[in-house]
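The letters A, B and C name the chains in turn, as written, and every chain counts its residues from 1.
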Amino acid sequence: MQTFLQQIINALSLGSIYALLALGYSMVYGIIKLINFAHGDIYMLGAFTAYFVINIWHFNFITALLAAMVISALSGVLIEYFAYRPLRKSPRIAVLITAIGVSFLLENGMSYLVGSNARSFPQVIAQVNYSMGGILISNIQILILGIALILMVLLQLIIKKTKMGRAMRAVSVDPDAAELVGINVNQTISFTFALGSALAGAAGILIGMYYNSIDPLMGMTPGIKAFVAAVLGGIGSVPGAAFGGFLIGILETLFQSVGLSAYKDAVVYLVLIIILLFLPAGIFGKNIKEKV
Amino acid sequence: MEHLLQVEHVVRKFGGLTAVDDVSLYLNEHELVALIGPNGAGKTTLFNLLTGMVPATSGVIDLQTNKQKYDLTHKNAMQIADLGLSRTFQNIRLFKNLSVMENVLTAMTSKYKEGFMTAVLRLPSFYRTEQEMKSEAHQLLEIFNLSAEEQTLAKNLPYGIQRRLEIVRALATHPQILFLDEPAAGMNPEETADLTDLIKYIQEQFKITVLLIEHDMSLVMNLAQRIYVLDQGKVLASGEPAQIKANPQVIKAYLGEGAD
Amino acid sequence: MKANWKYILSWLIMIIAGFYLINILIMVGVIDSFIENMLVMIGINIILATGLNLIIGFSGQFSLGHAGFMAIGAYTTAIITQHFDSELGFIISLIVGIVLASIIALIVGTATFIRLKGDYLAIATLGVAEIIRNIINNLKITGGSAGMFNIPPLSSWPTVYIMVCLTTIVLLNFIRSRNGRAIKAVREDELAAEAMGINTTKWKVEAFILGGATAAIAGSMQAAYVQTISPSNFGIMESISILVIVVLGGVGSMTGTFLAAIVLGILDTVLQNFGALRMVIYAIALILIMLFKPSGLLGNWEFSFKKIIPTNKKERD
């Protein structure tokens, strides 16, 4: 029971990072129907931004988090503007390939600039472990979970309560109709990229603190896993993406803990395929009409 | 008497909406029947039910052919097409990036067998089958004045010709019953007159049964031997054109106030 | 019928001429082992990408799991030829690989194509490929994550050349037949195809099997040529790089696939000199080509001798 609870704690930390990433995938897919392959690399950019501002300018955690989010948001907007927007009327597969190109560019550009070796992430907050009835929880884990939850709630509020959020929902349902009723579609799409990328940036600094290690290719695998999480939860659905992220985190951790860690990827994909076969629109895809 | 197609008490619900509500109708061999009714009456849904694109919520659809009875109620679109029921669509659904010829050949896919190995190894029987398919397609296209357009991509054809090609494609499946969903939609009176002749010609020459949905009353009254009027998912009236014209209920429901 | 012989002969002459051209260039030393290696890799990529183009461009199904089928072929050949080191062993391993890949494609295709489309299908096929890779990664017989070494060198440039020709002929003959028309109809409009009596699932699965089988052939060629394989050769990035060839050449154009595989193969070789900047330049080139030519280099244009050799109108098509 103790180890089980311990694993759940670990799973929740990992899951919240997947969830933050999955949200960005889900929002972008919801609004322009693009699997944004470069999303995982934005998360890498966020981690590196935090790394540099902490090491060079000695930012504290909050300012580093904000810096990572701002730089990531900016990169997301720029990528959309230069690489995806010109292709909005092109076949979707062409945009997908462009996204893959952007992903390669970010990964290899970063490797070129800073070298491809992993570097240790600065301890911006000293790790403290609390023991409660034999279960170890670190302040970093609490921080990850807390920040992830706060950001998700904020996101939900933005989508539900603000004018921009309404515009996002409108554009994701029908861009042409949205344009007709006076919504600035380009601006809305930029805003969506900014939001999604900011979340990825936040995930980047959090994972840096959690694993203490970052490298230019760190976004590849979590990026794909997070997209799987978004699909699993039902693309376009905010609670779905969050749920999918946590589910994948839990699955992975559980399989690791029962000694089947070698097969954890296979299990994640197997669960994905089975869920898709029975719920082709993902778990939250149909029931929740709220699309972003 | 046994009818070719017998539809009994068919119901189709979409959530809370009953699109087709307890419809019974029949078609006889070599008959030309029209299905009319205001927009949203459930005509296209009925077509979708009859061609297996949408399953019925309840009711029975029976096909009586070659001295055998087939229950179509639970068959899918492909199986129904194989039994000789073919259709066109209200919003033309050609294979847009295929040529006119290929559109027609595609419709013969299940009529001609050509194995994987025969095709890949280009065995003599491949050329034989292709030749047979193509000469049949040539003939069809010739009859409908489309020979000159054989290599044109379907999407590049003018609207009226696309409609005609869709009918030819449906005929290429060797149907016994042809369902035409608003064949005259978007046509001018001259084109509609041509189409009227064409449908008559098809029904006579190919010896098939035609059921058509149409809003153009001149076409319906000229062509149809019998008419079903659908309103709010129910059969409001049925009978010969003269009877329908005189039916006060139909005039009220369908033609609306102020119609002559 | 008679006119067809002209085209068949033209193709045959081209194939044989190509073979002797490469042969002569190797003999006089224009093609050194470095370029020969590049040509073989281009050939393997052509086999992979034409097969994927059949699935994506012609049957309209989005697969991101091509590397999984390639892995099946590669490992089958590696395992069989290590115990049975002969030409015959290689041929048997090729056939076993094709059969295994076909069976898996049949199962995966039947299970997923009925319910999934578009990006969801892509993710499901990606998942299947990752499951295959994950299993290979953990088996003893496949050498685990280290992979397999010293695979007998049973494939060389002529073998790959012949297989490129054979698979291309099979794919083109398939596409230009009743089968090919059916899968294109499914791509164009699934509902209308069904209404014409076309068994849409069957045709989609058939194209998927054929594509998977050719990927297995490419895998066998690679294993027997490179002589070492490991699970990391068959990851998502491999599937993606095959997809890039297809899209770059033009979805639905086999000629384009050939061209893109050659262009990318040469680009890759030239960029070897740029060291760390190699992938950066590759990425920028990819983005720029897509921005300026979103339909790929050739769109859906196909090379054909019919367009070059005039025939009398009657015997056309």
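Operating definition for what follows: a contact is a pair of C-beta atoms (placed from the backbone, for glycine too) under 8 Å apart; a residue touches a chain by one contact, two chains touch by 3 or more.
In UniProt terms the chains read B = ABC transporter ATP-binding protein; C = Branched-chain amino acid transport system permease protein.
The structure presented is a predicted model; accordingly, all values stated were derived computationally and were not measured.
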| item | value |
| --- | --- |
| Category of the chain touch graph - line, ring, star, complete, other | line |
| Chain centroid nearest the full-protein CA centroid | C |
| Reference subunit B; chain at largest CA-centroid distance | A |
| Subunit B-subunit C separation of Cα centroids, rounded to whole Å | 41 |
| Euclidean distance of C-alpha centroids - subunit A vs subunit B, Å | 50 |
| Chain centre separation in whole Å, for subunit C relative to subunit A (CA means) | 33 |
| Parts of subunit A lying in touch with subunit C, wherever the complex brings them together | 29, 33, 35, 83, 86-87, 90-91, 93-98, 100-105, 107-109, 111-112, 224, 227-228, 231, 262-263, 265-266, 269-270, 272-273, 276-277, 280 |
| Subunit A contact footprint on subunit C (complex, rising order) | 56, 62, 111-112, 115-116, 119-120, 122-124, 126-128, 130-131, 134-135, 137-138, 236, 240, 243-244, 247-248, 251, 276-277, 279-280, 282-284, 286-287, 290-291, 294-296 |
| Interface residues, subunit B side, partner subunit C - complex | 51, 53, 76-78, 81-82, 86-87, 89, 93-98, 101-102, 105-112, 114, 116, 119-122, 126-127, 129-131, 133-134, 150-151, 169-170, 172-173 |
| Contact footprint of subunit B on subunit C as seen in their complex | 1, 4, 170, 173-174, 177-179, 181-182, 184-185, 188-189, 191-200, 206, 300, 317 |
